[in-house]
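The same chain A turns up in both complexes below, where it pairs with chain B and then with chain C.
Entry: the complex of A and B
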């Protein structure tokens, strides 16, 4: 891996010194802090009357503050970080003619793409870690609750999932920067795909679900059809990385949630039985519930990177 | 007309006679009083209330004896029973002591009691007693005969002086129940007596005596002559007693008399059941749509066999709970049986804790067992997920190896 470290270090230095990164980071950090701060303020009201609150610390992340919770915010705007970090990774070098210069050095070509991707991932990791740590610090002073071991584990897994999620968008934008020679095109393509996957897939899922199992608003829908409708909608929505990520992180951050499904058919007896033991899930069980989601996220991230690697390695770059 | 006059005169005659009778009656009262003064100089009579009685074998007789002085002078009368059949004891007495003489004022009478008690070997038959009353100067003598007919009596009731009857001498019930007999104690003695109450019961049994409708324990009862009282006998069987018939002998005794009654209790045994798991754990892990089983034992801790034990379950919808065996025909005392309970959560069950309650019904007793079923997420995806990741990583490595170094 000759030259990988050099590329990696140079890229990291570029990221941290670039204005666009600093602006974006400042924006995201600010919004996160405000969200968590408001959540912290609301926490006291939410905990009133609860005999023995559990996982108070995690509520900083999953309680909707001003508009949405920290987790939701990460799901919506996390991809922007990835896109901003990667959309001009290769074609900018190409446009400035530096790519040939680099490859004429004793640096292998794969070191360029590996180094760029790795630098992006590390940047994302540092960014997310610092945000989570600062929010935790906030929480310690604001709420005065020390997180337990399980809560730290849950936060850790949340961090990992988030890193992979944003890295997916990083990999995707790097792929576009390889595919399109123009920086503007690749940026637009990335943003377009982001909007499509994040918002239009869920819309399309609703349309398909209504076609397969039409809801009858006038006479009321039978529970079976309603259930089928939601199931179809949720299955199709899973094509959106945002849905994958939201499902996974919500379950991890909120131990009281037992399923990613939004609608379940429950008999009265089952409800009685379930409400008798309204316990939070154990960490391992939460993890197993969203294990498919996490696996899928990691897999699409790796596949996305593999495709960009493949395309870059096979491309003619000297011209 | 003639006839009519005759009838009329008849009516007047009747009325006249009636009026005369009335007048005579009115005047006769003072005439009676004056007659008292015309009493004979001396007249003493001794006579019993009944001259012949019929009694049961072994029982004594008390007959009122009147001594009447019909003369003008007060008299002192000696009393004696001159003829007593063999084996009998007879005397004259007042309430509590024997009497040999009595003083009777003029135109007064005294009532005494003639008492006769048979000896042990007095059989049925006719017995004649002679009672003589005689003034101290032997001038007047009054003799009376009392005949006592002794009737043969059913055997087994040879209580002397005290009679005990139990209206329900046999009681039946489970071993852990409290039995209460009601016995009637009758004092046949001719005087007040304190009877002590004792009972002979199997070992470790608890027998107590209580007055009827009162909640205190007594060990003796005071009875006036010929009075009877009901006493409750409370019996608590030994909890570990086997089912069967147990005799209880209740003895009522005073220094003079003694009586016994035989009671019995039929124990049907107790109906008790214990239900649990061998390690005491009432929680169960299961995966949705997959059966998971737990072993439950049923133990008959009572002393009677339990029949037809069947099982029911109270569970969330679409769950399946199966028992193997489905029911137990008989379970002898102290016997233990294991039942395999298979719980299958529904395919749609969410991860989390549920309650499944088992009802073990043996007719006379029923027990409830609540299981906490934790539905765990299926780990089937585990290997598939790892496989996908490994596959992707492998592809990446192949790419690195093939395309690297260019």
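Entry: the complex of A and C
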């Protein structure tokens, strides 16, 4: 334990004093402020002279600001935080010859990797928590609405999901830092996988869905085919952690959304009734909707770290 | 294996294979308390692999080793508490200063902070880095880094030192200072030292006994006189370690 704690403390101090963390944090803080500020302004305008809808506070996070909402920004940019914190975790130590020095101290070898992962997770948590708090405070003064208990719970769950999502990328980049001796290779591999899983999987899902159940724009597609097309697309998309996370976090942050599935086959009557009789889901119901997503997200994070752990324990350390 | 109290390290038929390649081949040797053992051999002879096996960082393919009565395979953590290992080209965190580097090593060894503080002062003084205590390691010269490396292995209060090429790349003066330091540790603190090096005259200067390892096999071990007699026969002339080593190396 003493070894784990020593590594953890050193890594945490390293993260917070490194330039790359400061730059990343400044960037994220800046974008978050601008996004939530613009969102706040829109909200304020939109709320004038209207009865206050429920969950105004959460709208700070899911209303598109300048370009995107806070939640979308997190889904897109979160992986980069994880990658930046982890891509040189092990191979840098190997390259500068400190890994053998550390492992020849009276500690268990797993203290090194556990300490590094834990320090990364704590850094991510502190970063996200402070941003959510600052935006909340910002929103309080700007919009002048106090968050209710349920909104705080939702934000809390959102925070937990985000921490796991970013930790998945941290674990992945640590895995690459173990597998690849070169720091540049592991950084590139992490970024490549990020781009693939975040963008190409959804693209590929559309392609596959259209191949399996082609949509016919001219003559109109039968409902069965349309349903099949969408199902295939959504199933394949779930391989992307970004889709998993976006689905989970939007449901949690936006109580008006009731399902992660996109609504197809909506006739005019359904559309009217959906917009007229819109009622928010209760917190517990929202949780039930995203429960599989959250479980999957936690599972891939743990699996990813478990693989890194195994590979690191089985490797021979000479330098 | 039967060991008495003065035996610090003992191996018997220690072997390490990587695939078909034998890195260390049935190595048997003994290291006694308070002696400096010079571990010689060309690059890739298996010296570092042997050290790693003795610390439990690599599992031997066969054979056994005992370090202060402990089995490195099963009691790796306890063995690493006893051994102070300075790897070849010892690395440092460039962004830390000398004191911070030592603090980290002390923390990894579970030394309480207050105690570590005193020890750090003591060992920085011993290795002559007192004035550079708050200088970043990135700005250290090679000699200073090696001395900081020695301070790092001493802070854990080891029973035995494993020094892998401690004088590599040092200028003659820095190398001499380091040798003096190692000899002083032996004489004043009864430290046991296992030292690998290519600088034969330096090894000759400080070692009590030497072992010559070629292609994973220890071809000879003993005092300089013993090796000299073994290879050149009885005579009045004393041969230097260099002559002995080269003769062993050429004849295999």
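The definition used in the following text is that the second predicted complex is superposed on the first by the 295 of 319 C-alpha atoms of A that agree within 3 Å, B and C clash if a C-alpha of one lies under 4 Å from a C-alpha of the other, contacts with A are read in each partner's own complex, and residues count from 1 in each chain.
Basically, contacts are C-beta pairs under 8 Å (C-beta built on N, C-alpha and C of every residue); 3 or more make two chains touch, one makes a residue touch a chain.
Fair warning: this is a prediction, and the values are worked out from it, not measured in the lab.
Participant: For A:295, is the partner it touches chain B (first), chain C (second), both, or none of the two (neither)?
Facilitator: After superposition on chain A, A:295 lies in contact with chain B alone.
Participant: Once chain A of both complexes is superposed, is A:258 in touch with chain B (first), chain C (second), both, or neither?
Facilitator: After superposition on chain A, A:258 lies in contact with chain B alone.
Participant: Once the shared chain is lined up, is A:98 touching chain B (first), chain C (second), both, or neither of them?
Facilitator: second
Participant: Can you tell me whether chain B or chain C touches more residues on chain A?
Facilitator: Counting residues of chain A touched by each partner, the higher count goes to B.
Participant: In the overlay, answer first, second, both or neither for which of chain B and chain C A:144 touches.
Facilitator: In the superposed model, A:144 contacts neither chain B nor chain C.
Participant: After superposition on the shared chain, which partner residues are touched by A:108: those of chain B (first), chain C (second), both, or neither?
Facilitator: Both chain B and chain C are touched by A:108.
Participant: Report for A:306: first if it touches chain B alone, second if chain C alone, otherwise both or neither.
Facilitator: first
Participant: Tell me which partner A:220 touches in the superposition: chain B (first), chain C (second), both or neither.
Facilitator: In the superposed model, A:220 contacts neither chain B nor chain C.
Participant: Share the list of chain A residues that count as touching for chain B in one structure and for chain C in the other.
Facilitator: On chain A, the overlap between the chain B and chain C contacts is residues 108.
Participant: For the complex, give me every residue of chain C touching chain A.
Facilitator: Going through chain C, the ones touching chain A are 48, 52, 55, 57-58, 77-78, 80-81, 83, 85, 87, 89-95, 104-105, 107-110, 152, 156.
Participant: Taking the complex as given, what residues does chain A use to touch chain B?
Facilitator: Interface residues on the chain A side: 108-110, 258-259, 264-265, 267-270, 272-274, 276-277, 279, 281, 285, 288-289, 291-292, 294-296, 298-299, 302-303, 305-306, 309-310, 313-314.
Participant: Which residues of chain A touch chain C in the complex?
Facilitator: 2-3, 5-7, 9-10, 14, 17, 93, 96-108, 316-319
Participant: For the complex, give me every residue of chain B touching chain A.
Facilitator: Residues in contact with chain A: 314-319, 346, 348-356, 372, 376-379, 381-382, 384-386, 388-389, 392-393, 395-396, 399-400, 403-406.
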